[in-house]
Amino acid sequence: MAAAPAKTRVAIVGATGYTAYELCRILLWHPHVEITVATTRQEDEPVLSEIHPSLRHLLDLNCTVLDPADLAQKADVVFTCLPHTASMAVIPTLLSEGLKVIDLSADYRLTDPEVYETWYGHVHTDPTRLGVVSYGLPELYRDRIKGQSLIANPGCYTSTSILGLAPLLAARKIEPKGICIDGKSGVSGAGRSPKMNTLYPECNESVSPYSVGNHRHTPEIDQVLTEISQQSVETIFTPHLIPMDRGLMCSIYARPTGACTQQELLTIMREFYAKEPFIRVIDALPRTRDVADTNFCDMTVRVSRGIVQVFSCLDNLIKGASGVAVQNFNLICGYEETLGLLPQK
Amino acid sequence: MAAAPAKTRVAIVGATGYTAYELCRILLWHPHVEITVATTRQEDEPVLSEIHPSLRHLLDLNCTVLDPADLAQKADVVFTCLPHTASMAVIPTLLSEGLKVIDLSADYRLTDPEVYETWYGHVHTDPTRLGVVSYGLPELYRDRIKGQSLIANPGCYTSTSILGLAPLLAARKIEPKGICIDGKSGVSGAGRSPKMNTLYPECNESVSPYSVGNHRHTPEIDQVLTEISQQSVETIFTPHLIPMDRGLMCSIYARPTGACTQQELLTIMREFYAKEPFIRVIDALPRTRDVADTNFCDMTVRVSRGIVQVFSCLDNLIKGASGVAVQNFNLICGYEETLGLLPQK
Amino acid sequence: MAAAPAKTRVAIVGATGYTAYELCRILLWHPHVEITVATTRQEDEPVLSEIHPSLRHLLDLNCTVLDPADLAQKADVVFTCLPHTASMAVIPTLLSEGLKVIDLSADYRLTDPEVYETWYGHVHTDPTRLGVVSYGLPELYRDRIKGQSLIANPGCYTSTSILGLAPLLAARKIEPKGICIDGKSGVSGAGRSPKMNTLYPECNESVSPYSVGNHRHTPEIDQVLTEISQQSVETIFTPHLIPMDRGLMCSIYARPTGACTQQELLTIMREFYAKEPFIRVIDALPRTRDVADTNFCDMTVRVSRGIVQVFSCLDNLIKGASGVAVQNFNLICGYEETLGLLPQK
Amino acid sequence: MAAAPAKTRVAIVGATGYTAYELCRILLWHPHVEITVATTRQEDEPVLSEIHPSLRHLLDLNCTVLDPADLAQKADVVFTCLPHTASMAVIPTLLSEGLKVIDLSADYRLTDPEVYETWYGHVHTDPTRLGVVSYGLPELYRDRIKGQSLIANPGCYTSTSILGLAPLLAARKIEPKGICIDGKSGVSGAGRSPKMNTLYPECNESVSPYSVGNHRHTPEIDQVLTEISQQSVETIFTPHLIPMDRGLMCSIYARPTGACTQQELLTIMREFYAKEPFIRVIDALPRTRDVADTNFCDMTVRVSRGIVQVFSCLDNLIKGASGVAVQNFNLICGYEETLGLLPQK
C-alpha cells in the first residue's frame, strides 16, 4: 500500500452545525490535515469563526456556497454535514469529481431503498450505491472502510447501541428479539436549527421520551446487528431527551439465551474489543461525563434477575458523529486510525 | 365519622432536608394546618428560614431538638423526615404519646423484617408493626389509610413505578416477571447531605446508572405490585441520575400476556384511574417538566414490536414524597384529600 | 368603596408564552378568579393545556382568536401578554369595550412617545395615554393603581433594579448618575419563540452579556427612579444571560453621596419596605433560588471600599411579570393585594 | 540558551481535584511530557483513573503519598495542586531537592507576608520567597518566568480581571480606584470537596454573590495591576456563583480618565495583546462557551454613558488554572509556549 500523503486537504460541506464544528475542532489538531473549504447555503459568505466563535484565531476561513468542481480543485476529502436528502443530492457529483466523501447524514446508511423510503419519507435518488457503500463503524468494519471513496458515517444512538450489543449477539448470548434499548441523549443531538422543543426553558429541568416506536435509528441498529450476528435482530429503541449538551447513554435490556454470569459476559465483551483503541470495557457503571469530549465508548454489562443489562455511552458529537468520522478519514487516507483523536506517544 | 378539626397542629421532625422543605411549602397553603414544631439535631436551635431561606417571612420558626413529650403538647400530627433506622428509633415513642405519624423514611414500608434487614443492612427494631402499618399510596390503599395513626409514605421511584404498572398488572395484561423499569431521577432525590457524587460539577452534564440490581426501592415495588395484582411480581429496577433538580421518569418495558393494542391498554389505564384527582393518563408522551411543582403523576402506554411500554413521571419531592404525604395527612385527619394540593374551586 | 366582587372573570390575551402560563398557574389558586377566555393567533383554536401541558385537568379551555366584543361579554379583566406594538394595537378597543386591562408588554410603560420611538423603533399609536396610565409597581405606586382601568405592568429587570435602588435614591444616599446595574437573568426571560441563541446547547454552560448600552429596560428604570427620587437618575444597565430557567439578580454599584455605613443603608432599606408583603430585606446575600416560584423580591446592601452595592433578586416570571400583574389585578378589583400570591392565614 | 529537553518528567502533587485532572488532560497531548508521578493523601494508593475515570486507558498511573526525595528521582518538574498552606509546607523541600515547581495554590502569589496573613488567616511559613517568586501570568511577566524554578500560578478571577484591565490601566485611560469587577464563575471553581453549597440542587437554577468585600483574589488583582500600571489600583471585586461547570466572566465597570471612544480603547487593547497567542480581543460581546475547553481569554470593551466596560472571560480550569500552568511549564523548560495548548502547524 502506498504511503499516506503528508497533507490532506479537507472540505466541510454544511459547516454551520454542531457536528461540523466538532470536526473542525478535531481536525485542527490532526498533523496531516488542512481544512481548505467550508460551505454553507448563506450567500453572504460568512467567516466560519463568526458562526462558531470558538474557532476565532484558529480557523478564520470564509465559507462559500458549494461548487463541486471548485471544491475538487481545493480539497481531497469532503465531510458532508447535511440533512438527509440533501446529502444524496450532492454526493454523486462529489464522487464523480474524484473526491472522497464521508457522509454524516443518514442517506447511505441503510442498504435497502425501500426501508429508507419507509423511515425517511423520501424516495432514495441514488439507490444503486445503497448496500455497496461501507458503513463507517471501524470497530466492526475496519477492513471494508480502508481505501473506500464513500463512507456512511453512523448515527449516534446507533453506534452506542451496536457497540454495546455486538459482542453478546455475536456470541449468541442474548436473544435477538425483544431487545429494549433505553436511550438518553443530550440536546446537541437535536441540531442547531431553532425549534421550540429544544429551547433552553423547554428542555432544561425535564426528561422526556420522544419518537417512541418510530425513531429513524431503529432500522439502522437492526440492520447492522443482524448482519454482524447473522440472525434477525429486532430492537425496541426508545430515545429520551435529557438536559445536558452532550453525551448519550443506552441502557439495554435483553434476555439471555441460556444460563450466564456477569463475569462471563464481561469477558466476552472485553475480548471482543481487546484491540480497540476507543472502546473501554469497564467494571464500574459508566457515566457520560467520563466520555465527554473524547472519542471513547465506555461500556459494561450486568445480569439482574435473569435479565442482561448493557450500559454503553459516548459523546454524541464525537464518537457518535465527528470523532468516528475522523477514524474513517484516517482509514480511507491510510493514516494511523487514532490520529487527531488520541495522544500519539 | 366526626367532622375534621378546623385546625390541625403539625410537627416536622428532621426539618433540614428537601422533603421537609417541600412539606412546609405545601402546608403553608393548607387552610387547616398550623406548623408548630420543626426539629433538627442541631443544638443551637437555628431558625427554620435560615436553613431554608425561601421560607423567610413565611415560617420564621425556631427549630428544636426532638422531645417527644413536649412535641405531643404542641402538635397533633408528625411528619418524620428522617433517615432510615432513625425513624423506627423514635416512632414508637411518638405513637405512644398519642401522636399521628406520617413517616417519609423507608422504615415501615416493607412488610417482612427479614426483607428489611436484607436490603437495609439493619435489624428492624419495631418489627411487630411491619405488615400492619398502612402503605401510603392513596390511589391503591385509600380505605386502609383513612383514620390510621401511622402511615408509611412510599418511595419516589416506587410510586412512579407502581402507579404506572398497577392497572396493567391488575388486568393481567402484562407478564409479572421480567418487567424492566428504567428510572431517571433529578438530583434532589439524593438528599441534601454533602457527597462528592452529587456535587454540581460531578453530576452536571452527565447521566449515569447507579445501584443497578440492588436499589432499595426494588423490594418495595415488588411487594406492592404483588399484593395489588395477586401474583408474584418481579421487576428489574435500574435507576439513573440525570442533571436536573427535580422530576422522575420511569420508562417501563414489559411483555404482554397476549395480543393487545395500545388503545386497549390506554383505556384500561384510564378507567383504573378515572376518579383519581392526581393521575393524568394522557395520549401524548409525558415530560417531567409538566409535573414539576405539582402533585400529579402523568402517564401513558405504548405498544412497540410486541413490547408494552409504560411512561410514568412525577415530581420526586412532591407526588414522590411530600405531596403524597399531604394526601395521607388529609386522609388520616378527615380532610378533603386534595386540600393544599389542588385549587379548591 | 364598593365591596370587591365575589368572582371576577379573567381573559388572557396572548396565551402561548411563559408569562401567560404563569398567570394561569397563579390565578387558578385565586379564590375570586375564573379564567374564562384565552386567546392566541392560531386559527385552529388549540386547547390551552396542549400549549401548556402542566395545565391538563386544571384549565382545559379552548383558545380562541381575539374578538374584543365577544371578550367583553365573557370577561371583566384582561391580561395582555402580547409583544410590544401588538398591545397598543388592541388595548384602546378593549378599554372602549369597558374592560379593565393589565398590559404585560412595554407599550404603556414609558411616559414620552418619543422615548418610546427611540428605544422601540416604532411610532406610538396611542400616545395620549402615555403618562396617564399607571405604572404597575405597587410598592411605589399603590395608590395610583387602585381602581384604574389600564395598568402598565413593569419589566423584570426594571422592577429588580428599581426596587433595589429606590430606598437609597429617595434618601439621597447614592449619586443618581453613573449607577452600574449588572443584571443576570434566566433564559425564560427571552420568551418562547424559537431563536438560535436561546437553544439549549447555545446558552447552557455559558454566560454572556447582551444588549450592552441599548437594552430597552434602561429608559424605564431611569424614568421611574427619576420620578420617585425627584432628581435625574441615569443608570448603566448591562444584562447577562445565564444558564437557568428563571430567576433574575441585579448586582448594583453606586457611589455614596457622603459617608455611610452598611448598617445605616440596610436600615433605610428595611424601613422603606417595612410594610411591604413581598419585599424581604435580608442581612445575608440573596440567591435567586430562594425567590424562585414566589412573588418575593429579596435584597440587601453592602459597602465595599467606598462603593455601595445593592443585590436585588426576584423570579423574572412572577414578581418580574405575572405575580406583580396579579398584585395589580387585586388592586384594581379591590381585593386583598396578596390574594393568590401568599397563603391567607 | 540550551535546547529544551526532548522529554520532561512531570509530577502532579495533589492529583484528586479538578485542576489536577485538567493538567493531566492537557499534558497527555504535550509532545515532550511524561507524567511519572501523581500523589494523593490516600494511603491506599488508588489508580489515578479511578479518581478521574476519563483518564482510563490514557493514564493508568498509581497515586502515591508524597515523598520529596523519591519524587526528585522520578520527576523534573512538579505541579502542586494543593490547598493554600499545604503548598508552602512542601515547596521549600521540593526546591531543595532540585525540582522545578509550578504552584497552583495561592501561597506564593502575594508579595507581602502580612497581606497573606490578613487575607488567608495564616502566618506565611516561607516568607523570604515572597516577592522573589515569579508571578505566572506570561502575558505580563514572560521574561521573568523563563528559566525560573518556582512559579506562582495565578488565580482564575485574578487572570480574567488583570488581563481585561491591564491595557487600559497601563495606558492611563481609566481611573485606578473604584473599579467594580462583577465576576461570574462556574461551580468547578469551588473545588471537588463535598460542601452543601456546591451540591447540585443548591446551585442549579440559582445565581448568588458570595464573599462580597472579602474574596481572596482581591489583593492579588490589586497587587499585579498596581505594579503593571505603576499607580495604586483598588478594585471592588464581587464574585457570583452561576449554574454551570466551567467558565468565568468578569464584567468590569471603570471611570475613564478623560474623553475616550470605544474604538480608541479597543485599539489600545488590541495593540497591547497584538502578539499574544491566547488573548482574543474581539468586536462582539464574548461568551464563556466560546473559550470553554481552551486556553483563550476573550475580551472586548464598551463605553456606555461615560462608563468604560470591559468584558473578559476564560475557562476557569484552563486559562484560569491548568492551561496557564502549562504555559509556565513551557517557559521554564524552554519549550514553545503554546505546546500542548494550541495545534502546532
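We just call them A, B, C and D in the order they show up, numbering each chain from 1.
One rule holds in what follows: a contact is a pair of C-beta atoms (placed from the backbone, for glycine too) under 8 Å apart; a residue touches a chain by one contact, two chains touch by 3 or more.
In this text, all values refer to a predicted model and were calculated from it rather than measured experimentally.
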- Note on the structure: Contact-pair count is greater, between A-C and A-D, for A-C
- Message: Could you work out how far the Cα centre of subunit A sits from that of subunit D, in whole Å?
- Response: 36
- Note on the structure: Here the gap between subunit C and subunit D, centre to centre from mean Cα coordinates and rounded to Å, is 40
- Message: Centroid from C-alpha atoms only, then distance subunit A to subunit C, rounded to Å. What do you get?
- Response: 46
- So which bits of subunit C are touching at least two other chains? 186, 202, 204-205, 243-246, 287, 289-290, 292
- Classify the inter-chain contact topology: is it line, ring, star, complete, or other? complete
- Item | subunit C to subunit B touching residues, read off their complex | 28-29, 31, 34, 53-54, 56-58, 205, 277, 280, 282, 284, 287, 289-294, 296, 298, 342-343, 345
- Item | Residue numbers on subunit D that touch subunit C, as the complex places them | 178, 180, 182, 184, 186, 202, 204-210, 212-213, 234, 236, 238, 240, 242-247, 249, 251, 253, 255, 285-289, 292, 302, 304-307, 309, 311, 313
- Task: Show which residues of subunit B lie in contact with subunit D when the two form their complex.
- Result: 18, 186-188, 192-196, 198-205, 243-246
